[in-house]
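Chains: A, B, C and D, in written order; residue numbering restarts at 1 for each.
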Amino acid sequence: MPLPAPLTGVVPPVCTPLTASGRVDVDSLASLTEHLIDAGVDALFVLGSTGEAACLSDGRRSTVIETVVAAARGRLPVLAGAIDMATTRVLDHARTAQALGADGIVATAPFCTRTHPAEIADHYRRIRAAVDLPLFACNAPASVPTELPVDTVLELAADGVLDGVEDSSGNTGALRRLLVRLPTLDRPFSVLTGCELSVDGALLAGAHGIVPGLGNLDPAAYVRLYERARAGDWRAAAKEQDRLAALFALTDVGDERLMGRGSSALGALKAALHLLGVIGCPDTAPPQIPLDGAARDAVRRLLEEAELL
Amino acid sequence: MPLPAPLTGVVPPVCTPLTASGRVDVDSLASLTEHLIDAGVDALFVLGSTGEAACLSDGRRSTVIETVVAAARGRLPVLAGAIDMATTRVLDHARTAQALGADGIVATAPFCTRTHPAEIADHYRRIRAAVDLPLFACNAPASVPTELPVDTVLELAADGVLDGVEDSSGNTGALRRLLVRLPTLDRPFSVLTGCELSVDGALLAGAHGIVPGLGNLDPAAYVRLYERARAGDWRAAAKEQDRLAALFALTDVGDERLMGRGSSALGALKAALHLLGVIGCPDTAPPQIPLDGAARDAVRRLLEEAELL
Amino acid sequence: MPLPAPLTGVVPPVCTPLTASGRVDVDSLASLTEHLIDAGVDALFVLGSTGEAACLSDGRRSTVIETVVAAARGRLPVLAGAIDMATTRVLDHARTAQALGADGIVATAPFCTRTHPAEIADHYRRIRAAVDLPLFACNAPASVPTELPVDTVLELAADGVLDGVEDSSGNTGALRRLLVRLPTLDRPFSVLTGCELSVDGALLAGAHGIVPGLGNLDPAAYVRLYERARAGDWRAAAKEQDRLAALFALTDVGDERLMGRGSSALGALKAALHLLGVIGCPDTAPPQIPLDGAARDAVRRLLEEAELL
Amino acid sequence: MPLPAPLTGVVPPVCTPLTASGRVDVDSLASLTEHLIDAGVDALFVLGSTGEAACLSDGRRSTVIETVVAAARGRLPVLAGAIDMATTRVLDHARTAQALGADGIVATAPFCTRTHPAEIADHYRRIRAAVDLPLFACNAPASVPTELPVDTVLELAADGVLDGVEDSSGNTGALRRLLVRLPTLDRPFSVLTGCELSVDGALLAGAHGIVPGLGNLDPAAYVRLYERARAGDWRAAAKEQDRLAALFALTDVGDERLMGRGSSALGALKAALHLLGVIGCPDTAPPQIPLDGAARDAVRRLLEEAELL
C-alpha cells in the first residue's frame, strides 16, 4: 500500500521475537504486529536497531519482512530497514524488501568508512535510482556513527531523493533547523523522531511522527501522546511522555558490569513483551547477554508500577 | 541578592565585549547588561562559554563579574561561571566570584583527565563545602567532554550539594529521565536548558529555565517564548522558537574552511550586537578568527530578515 | 593449505579491482595476486577495509575469495575478512569463506550496537565453535568503533578461540602490553600490525607480521623491511619504513573539501596500481568519490619520486 | 640554562608530591628531582598531566617551578607546562614560568572550544611573540581533545614558532609522516614521544627524546633504553622497554568501578614513589580517588617483580 506523504503518526520499530534456538518466531512476530495494530499505530518499521537487524542473517531479515507484511494484511504500511555498511549492500537489502512487499525503505548512510557528505548524498541518490519505494534516511549515531548534515538532508529532500528522515541523534538544534526550513520545499517531507523520551517536544517543534522502541511495549500510550499533541492538548501529551519516561527505566535493568546497554535495553523490552504475553520467548540474538532473574524481576516491577501488568 | 529556589526563567549567558586591544570593554558590557535587563530576563550568567571564559585571564574574568554585578544594581541575580580543569582551580574561581558579589556559581565538572562519576561527585561536594552560594553544575559536552550522569546529579541534588544544572548536552532522553525523578527530592532543584533551539520542548518537559546564547541578541524573544510557555500557549511558544531557529543561521556565517564553529558563532553574535549598537566593537578573543566582510554582511541580512535591524 | 602458527611476515590486505561497471575485475585481481606473490609476501588477506569489503555485495565478496584462492594456487595461505555487524552475519561470511577455500578468517567484533567485552568474547567463541579455520580478530577503530580490550584478547587466546589479532588501532601502549604477556600462553598466537607506517617499531616490539595497505603498491619494500628487521638490521628496516612513509603521502591527494579520507586513500592506491599496470581500471566502489585529474597527477609524481614509475 | 637544539634524551614529566593537606611537598619534590637527576635524565618537564597540573592552583604551579628550578641547580634544563584553555590564559602561565626560571615552555593547543588549525597556529604564534623561551606544543588527546595536524606543526616549525612537539597521541602514522619531513626544515626541531611503552620504536623512527610518566619511578631504565637505542643496540633497547611495559601494569591497580583511570595511574605512580622512599606522602590531588590497601599491595608486588623494591 502507498505510504502517506508525508508519513505521520506512530511508527514503532518492531522487535524481532526469536525462538530459544535463535530462529525468527513468526507466530510471536504476528502476535506483536497485531498488538501494535490494535493500539492504533500508523505504520510499522521492521529491521531497525530495535529489531536487532544487525544480528539477523539475510534469510531471517527476509522472514521478518514477509511475516509482518502478511500479518499487517494491508491495514497499515510496513517500512523495512536496509541497514548495511555501504551502497551496494544497502541496495541489495532494499531490493529484497521491495520484492517482499515492503511499502518504504529506511536506509542507513555509509559507515565503516571515513565518509563525507558528498558520499552520503551519492549513496542515497543511487538507492533512489534503483528502488521504486519511498525512501527514508536514518540518523542514529548510537548505532551508526555517520552524521547526516542538515544541508545534505535538505538537498536530497528538494531533489526528491528522500521522502523523510528518522532521527535518533538527539541533536535537537539540528532537527529544529531542519524543520524550520521544510516550508522552502515544494514537496512533502516527513521528519520522524526516534527520541522516544522527548516526543512531545519534537511534535511541538513540527515533527511528523515518532519511532519509539518503547512503543513495542505500550503502543497505546504513544498513540494517546500523539493524538493529544495533534489536538493541541500539550499538557496531557507531556503527562503521557512523563509516564513513558519513568517506564523507560526498564532499559537499564541489566547490570552494566556484565553487559552492554544494548543487551540491557533490548533484553528488557523482550522480557516485558514476554511477561505481557505478547511474545513466546524473551531471548535476544547473540552476542547479546541475557538478563538474569533479578533484572527480569525489576522489569516486572516496572510494568506493575506502570499498570501494564 | 538571593537566588530564587528553584531558579526559573530566562538566564542569558552574557557575551563579553572586548576592545580592539583585547581588554574587557566595561562600558559595552554595562550596556549589554542593560539591554538584557530591559528585555525582562530573570538572571544573568557571566563567564560561560558564550562569554568566552576559556579565553579570558583571571583578571579579565574578575572585571566581567564586577562590571555586571555593578551594572545589575541588584535588579536581578548574577551567576558566575567557574570554568577550569579540576577542583582546586574551580574553587579559586568560585571564591573570587563570591567575593566580587556573584549570587550563584555555575561550575564545570573536572576535565583534562579520564574521570569517573565518583570523582565528579567529590568535586562538587568540595565546592559546596567551600563556597556559600547556590551551586549549579554545567553539562556542556561541546566545550567540556565530561558527561554528568543522571544518577550523580540526583544524588548531589538530594544531598543539597547542587541547586541546579545547566544542560547543553542535547541528550533529551537523559534530561527527561532527570526531570521525571525530581518529585522524589524534598528540596527545590532547577533544571536550565542551554539548548536554545528546543526551549519550547524543554519547558513542556518541565525544565525551569533557559540559558540561550542567542538571547544576547534578542532577549525579548526568549522572554516572550518563556512567558507563552508558562501561560500554556504552546503553539505561540513554538512559533517564537521557530523564528529564533531561523535567526540562529547567523552562527554559521563564518567559512568553515577558515575557522572553527566557535569562531563563527561567537563572531556572529558579537557582529550582530555591534550592528544593533549594543556593543562598541565586534572583536572576539584570540585565537578565534575574525569574520570577514561577507560574513558580516550575512549577519546583517539575517538581522534584517528577523526585523531586528 | 594450513596457516603457519603463528602466522608471520607480510600479509597485504588485497585491494579489490573493479570494472568500470562496478563488477569485480577478476583478471586484474589475479594479476594483483601475482604481483604480490612475486614480491615474496607470506600470505594474502582479502575482504578487509582496503579491499572495500564494506562496499561489496555478498556475491562479489565470494568472487573475490574464489579468484584469489584460485590465483594463489596453494603457493601461500589466503585469509578472508568476515566483516559484518554481529555474530550471525559474521558467521555466514565465515562459513562461505571456508567453503570457498579460505585458509583463515579475520572477523570484526560486533558493531552498530553499544557492546561490552563479554559480548565480544561470546561473539568470537561462537565463530570458533562454528568454523573450523584459524580465527583472527581485527581491531580497526577507523572502520569499526568497537575496541578490543587486551584482557579479552588474552582470554580468547588462552582458550584457543583466537589464533591472532590484526591491530590497526594505533594504540601502541595496549599492543606492547599484549605482546609482553604472550609468553604466558602455552600456544602460538600471532600479532599482526596494520599500522603500515610504524612496522619497524612493531616488529622490534615483537609483532609477528604486518598487514600494510600500501603493500599492494610496493610489496617488495615491505618484504625487505620485514627481512631486515628479522635479520636485526634495524637501521635498514627504519630506512625502508621512512621511504614508505613518504610514499604514503599519496593517500591524501584527494581534495578534502570534496571527498572523505577513505575515498582519497583507496582511490590513490588504485590509481597507482593502474599507473603501474597491475590493474585495468582505477575505479573504487560507490559511494566513494573518484579522484580528479590533479589528484591522479599527484599520485604519478609520488610514484616517480619513489622510483616505482 | 639554554635548551639544546634539538632537545634530546629522557625528559620525565615530573610528578607533583603533595602533603596530606594538599599543599606541594617541596622537600619531596626536591628529593624526586634529585632521584631523576641521579639517574642521568636529560631535562625535566614539570606541570604536565603527570604532574597533575589540571588540579593545581596557580600558586601551587608556581611553587612547583620554583622548587624544581632551585633543586636542579642548573644541572639540566627545566621545561614548564603552560596548560590552560586558550591563548591569554596559556600566555599568563608561560610568562610566569619564564619569570620563575623555566628554560622552555610546553603549551597546550586551545581546548574547550570547537577549534580549527588556523586558530591553533595563531595561538602558538602569539605565545612565540610574547615569551622568549623555546616553545613546545603538546599533543595529548587523552587530556586535551584538540588534535595537532602534521601540516600545522611543520608550518610552525618552519617559521621558528615551535622548537618541538611532545606527542602522546599514539598516532604513529602521523608521527612518522612528521619525522620523515623534518629534513625539509633548515632549523632544529625536536620530536619527543610521550608514549612510554613504544619508546624503542619511536627512537628507531627518529624521535629525539622521550617524556615517560613511568620514568618518575624508574628513570634509570629509561636512560638505559635511550642509550641502548642511541648505540644501535635495538634488541637491548626493546628488552628494557618490555620490562617497563610489564611494570606499567601498576597503572591499572585501581578498581575501575570506583575510580577513573587517571586516579588509578597517578595514584599508583605516587604509591610506588612513596614505597621507594622518594616522596613522603602518596596522596593525589582532589577530586582523584585514593587507592585502597589492595591496590597499594598490588603496586608493591609489581615493584618487587621489577626488582625495584
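The rule is simple: a residue touches a chain if its C-beta (ideal position, glycine included) is under 8 Å from a C-beta of that chain, and two chains touch if they have at least 3 such contacts.
Because the structure is a prediction, the values reported are computed rather than measured.
Summarising the inter-chain layout, the chain whose CA centre lies farthest from the centre of chain A is D.
Each chain gets one centre point, the mean of its Cα atoms, and the points for chain A and chain C are 35 Å apart. In this assembly, the C-alpha centroid of chain B lies 48 Å from the C-alpha centroid of chain C. Contact with two or more other chains is made by no residue of chain B.
Working note: touching chain pairs come out as A-B, A-C, B-D, C-D. Contact residues of chain B toward chain A in the complex are 170-173, 175-177, 179-180, 195-198, 200-202, 204-206, 232, 234-235, 237-238, 241-242, 245-246, 248-249. Residues of chain C that touch chain A in their complex: 22, 49, 53-58, 60, 83-89, 92, 110-116, 118-120, 122-123, 126, 142-145, 258-263, 285-289.
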